[in-house]
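Next up, some structures in structure tokens.
Same chain, two partners: subunit A is paired with subunit B first, then with subunit C.
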Partner chain A sequence: MSAVKRQAFAPNWIARGLWLALFVYVVYALGILDVSWDRFVRGLDNGARFLGRMFPPDFGAKKLDLLWEGMVESFQIAVLSTAAGVILSLPLGLLAARNLMPAWVAWSARGIIALCRSFHPVITAILFVKAVGFGALAGVLALILASMGFISKLFAEAIEEMSLKQVEAVRATGAGFFNVLIMGVLPQVNARAIGFCAYQLDSNLRNSTMVGIVGGGGIGAALFTAYQRFDYDFVLTILLAIIAVIMVSEVVSGQLRKAFQ
Partner chain B sequence: MTPSDRLPGGVAGSTVRRWVRFTPGQRIGRTLAYLISMIAIVWSVRTIEVIPEFLYDAPEQAVDLFRRMWPIDWSFWHKMVAEALVETFHTATLGTLIALVLAIPVALLAARNVTPSVGLNLLAKFILVASRSVNSLIWALLFVAVFGPGALAGTLAIAFRSIGFVGKLLAEALEETPVGPIEALTAAGAPRGSILLEGYWPQIEPSFWSVALFRWDINVRESAVLGLVGAGGIGVALDTGLNNLYWDQVGLCLLVIFVVVIATEIATSTIRSRII
Partner chain C sequence: MSAALVIRNLRKEYRAGVPVLKDVSLEIGGEGLTAIIGPSGTGKSTLIRCINRLVDPSSGQILFGGEDIAQLEGRALREARRRIGMVFQEYNLVERLTVMENLLCGRLGYVSVWRVWLRKFPDADIERAFELLDTVGLGEFATRRADALSGGQRQRVGIARAVMQGPELVLADEPTSSLDPKTSVEIMELLAGLAKARSIPVVVNIHNVELAKRFAQRIIGMAQGVVVFDGPPSALREDHLIQIYGGQGWLE
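Let's look at the complex of A and B:
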């Protein structure tokens, strides 16, 4: 028998060390978060009771009316925040494109975008609820900020990646700044921009289910009320409705993106 | 044939070929998309419920809000924020790790080339969509009801929300893997586990870690607000400030969240450009 043991795949000791470090961190973090087996088991017990109260979902006529109202409002919030967000994002994204704008303009526009992106919609929703009161408007304003952060960033990146040859060609004909934009820049980024918008509509619909928890209107408000009243069967109805709507909207936004490819 | 189709000065009878950018179907689709969006926007503007009385003093309220936040109450840092911040960090990290572990089997089931069964694919896709459509705040509500308030609920909320995102991207990465190494391993008679570990894993490893990093960045943001529904972290400090109307404490929390978010963004983009 040969003494050399052949191994098809040699062990990677550095990777093993990193895995071990990860394991140690997990144990440490579980300790910090006060996660114990005992608590987990008790939780499972609670969870069984919780699920028991959720089933069967409540499809009473009165509840369905509430559900419909909330869903319609969520949809309105999503549509309006996307539309306004897109309208505001186009100039902001253009200002942030480093290949078309002087550096100081681009960097200040990028600062605004970073500010929009860094706060979670729920936090901006809280601030807007204080400023404009409870209701759908606060939700719309919060999601407009979130949309601006997302769309302008991607729009600016799309502009930076486009080919400058067409821009130069249009400029060579003596076109002014706006003509260059309309004839040289927009045709190149249009399809991608519509793709972002479709994606953002989808994402705003998801987030519009959440701003209601802090008073920003929509289905989230109905969900939170039902939760606080321990109407868990209605909570399940709302959750199922949300999942169904998001599934449909994912398909629709996928089709939309395909139509504009 | 219309007169304009004739080539000027060309051979009699030869026509200009007309190039059309879009097929009629595409044009109809685009027009419909524009039309439906316009209708949806107009309808939403006209029917959304806005209480105008609240709007009159909105600018004053906004100014008032910021005036109350200033000067920021730094003493709140030691009282609550420092500890909550560490908790937020652990919630996000641990939640991401749990999500990665849970997402792998679902992704394997969802990838059509790994699991050649339409029923299982659809089931896995449904799990992924359900996880993504329920917002992390709503997941947190559910877990608070089950496990009680605290970071455990937050960690699980982060994990369950991330499964959909991570699983979807992993399944896509799996479906894009070239079949060469897989066929070679199969031909050598490797068992199923070895095919997964030595055939698929090395090919998806880079995208796995980049997805993990990307999701961790998002999760730090999300775990910062989970405390609003009692799921631990800096959101609890924010909620306390809001409920007591101590806007100077709220100001501190917002500042801390802002700094943390910017710091994680810088950290993740540095790691991504260095390693992946």
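Let's look at the complex of A and C:
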């Protein structure tokens, strides 16, 4: 038997170093954030009072009207922005796929996508409120940008991961570019693209409740006003309604994905 | 008999100075099955892929139907490809499409984008596809998705797709390498029958020398990017095989 033990796995010093650095940083960040037990206990007290004022939720007829109006507008914002976002994203994603497009086209498309992704929808919503005024239009425009960033990036990645063998075979029949797209590319990425769109509808529903806070229309406006007037019982009503809608949309988008497997 | 396909001084370098094909010249006649044998990495696939320009040759001519395919671009190249059917080692069917849709892929060079999008292919094409499915023994499978088929069935669809093009030449890149021995024979029978029934040349890359001898009228042996044997199967002797594949232990 040989005395030297042979090494089966090479140590990865870079990875170990990075993990250690991360750990050190987390400890340091906790240190300067001034999180103390004392503060936590005081906070609990505050929180209990806050929750107490929320109950029972306010289901008065006037409030329900307000809620209904806001939710309908939020829903419209979400659906419109997803639809427009998808229509704009598919060509953009296609242009960004490096295995189908010349490098300069792909990189310019990727630049546009990166731009769409650089800001949180709230930031773009503020910009659009300044540009086109208060109301749902600003919210829709902000969420279209967010949808484009998300869907076209994932769509481009789906195209880049598809099997080129299948595409090559279709190309070998003498098919033109668009016929190759329809019969060779789309079938491979279709199901995933629908999955992204369903997910984006989901996330736009959530975001549409938020753009209202900065003036982008929808239920967010009502929520923000209720907070400011200390109508915590109405706040709870709105929160419950949002939770219900998100849960329903979760189920619906799940079914949608299943149908297109 | 005039040659349907003439290859002159075909050369391909993937990396400069490292040629995979070294000035290959060949004439393929108007009909019959031609088998190209040779070790892996010797340029068989590259040769076949140069013919329909899935690979761009570095230099040389590929004369087919009065045109030099090596020089074609855009529409002219697509029109040349329409006339050349191709069968792949891993079938290369579009997995998420049905068998019928895969067959109709063979007509994509002729059908407009709009009709393809709506799946409104000409009735004649659909009728022909059904006939072809019957001939390859998959009459009941038209609406099945391609990823639900076995390897042998997929390759039958692959061949039917090539035939749908109404090709004047069929190329097959190791069509039997992913199949079991019995299915391999069946696939070779289909290809040989195709060459005969349509009187078109079929060029097959193949690893299995026995299958090549059994089905081909002509065998081309390649080694290190050049043709080292060219003749009927009966002329292929052991020393040729040694020259093509090297060594001799494997022959015993």
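We take it that the second predicted complex is superposed on the first by the 219 of 261 C-alpha atoms of A that agree within 3 Å, B and C clash if a C-alpha of one lies under 4 Å from a C-alpha of the other, contacts with A are read in each partner's own complex, and residues count from 1 in each chain.
Operating definition for what follows: a contact is a pair of C-beta atoms (placed from the backbone, for glycine too) under 8 Å apart; a residue touches a chain by one contact, two chains touch by 3 or more.
No experiment lies behind these values; they were computed from the predicted model shown.
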{"item": "First, second, both or neither for A:87, with subunit B first and subunit C second", "value": "neither"}
{"item": "Partner chain(s) touched by A:41 [first = subunit B, second = subunit C, both, neither]", "value": "neither"}
{"item": "Touched partner set for A:251, first subunit B, second subunit C, both or neither", "value": "neither"}
{"item": "Partner chain in contact with A:119 - subunit B first, subunit C second, else both or neither", "value": "first"}
{"item": "Which partner, subunit B or subunit C, touches more subunit A residues", "value": "B"}
{"item": "Touched partner set for A:182, first subunit B, second subunit C, both or neither", "value": "second"}
{"item": "Partner chain in contact with A:172 - subunit B first, subunit C second, else both or neither", "value": "second"}
{"item": "Touched partner set for A:24, first subunit B, second subunit C, both or neither", "value": "neither"}
{"item": "Partner chain(s) touched by A:191 [first = subunit B, second = subunit C, both, neither]", "value": "second"}
{"item": "Subunit A residues within the subunit B interface of the complex", "value": "9, 22, 25-26, 29-30, 32-35, 39-40, 43, 46-47, 50, 73, 75-77, 79-80, 83, 114, 118-120, 122-123, 126-127, 130-137, 140, 206-207, 209-210, 213-214, 217, 220, 223-224, 227, 232, 239, 242-243, 245-247, 250, 256, 259-260"}
{"item": "Residues of subunit B that touch subunit A when the two form their complex", "value": "26, 29-30, 33, 37, 40-41, 43-45, 47-51, 54-55, 58, 61-62, 65, 86-87, 90-91, 93-94, 97, 129-130, 132-135, 137-138, 141-142, 145-148, 150-152, 155, 198, 221-222, 224-225, 228-229, 232, 238, 242, 254, 257-258, 261-262, 265"}
{"item": "Residues of subunit A defined as touching subunit C within the complex", "value": "163, 165-166, 168-176, 178-180, 182-184, 187-188, 190-191"}
{"item": "Interfacial residue positions of subunit C with respect to subunit A in the complex", "value": "52, 54, 78-86, 88, 90, 92-97, 101, 105-109, 111, 113, 116-117, 158, 161, 165"}
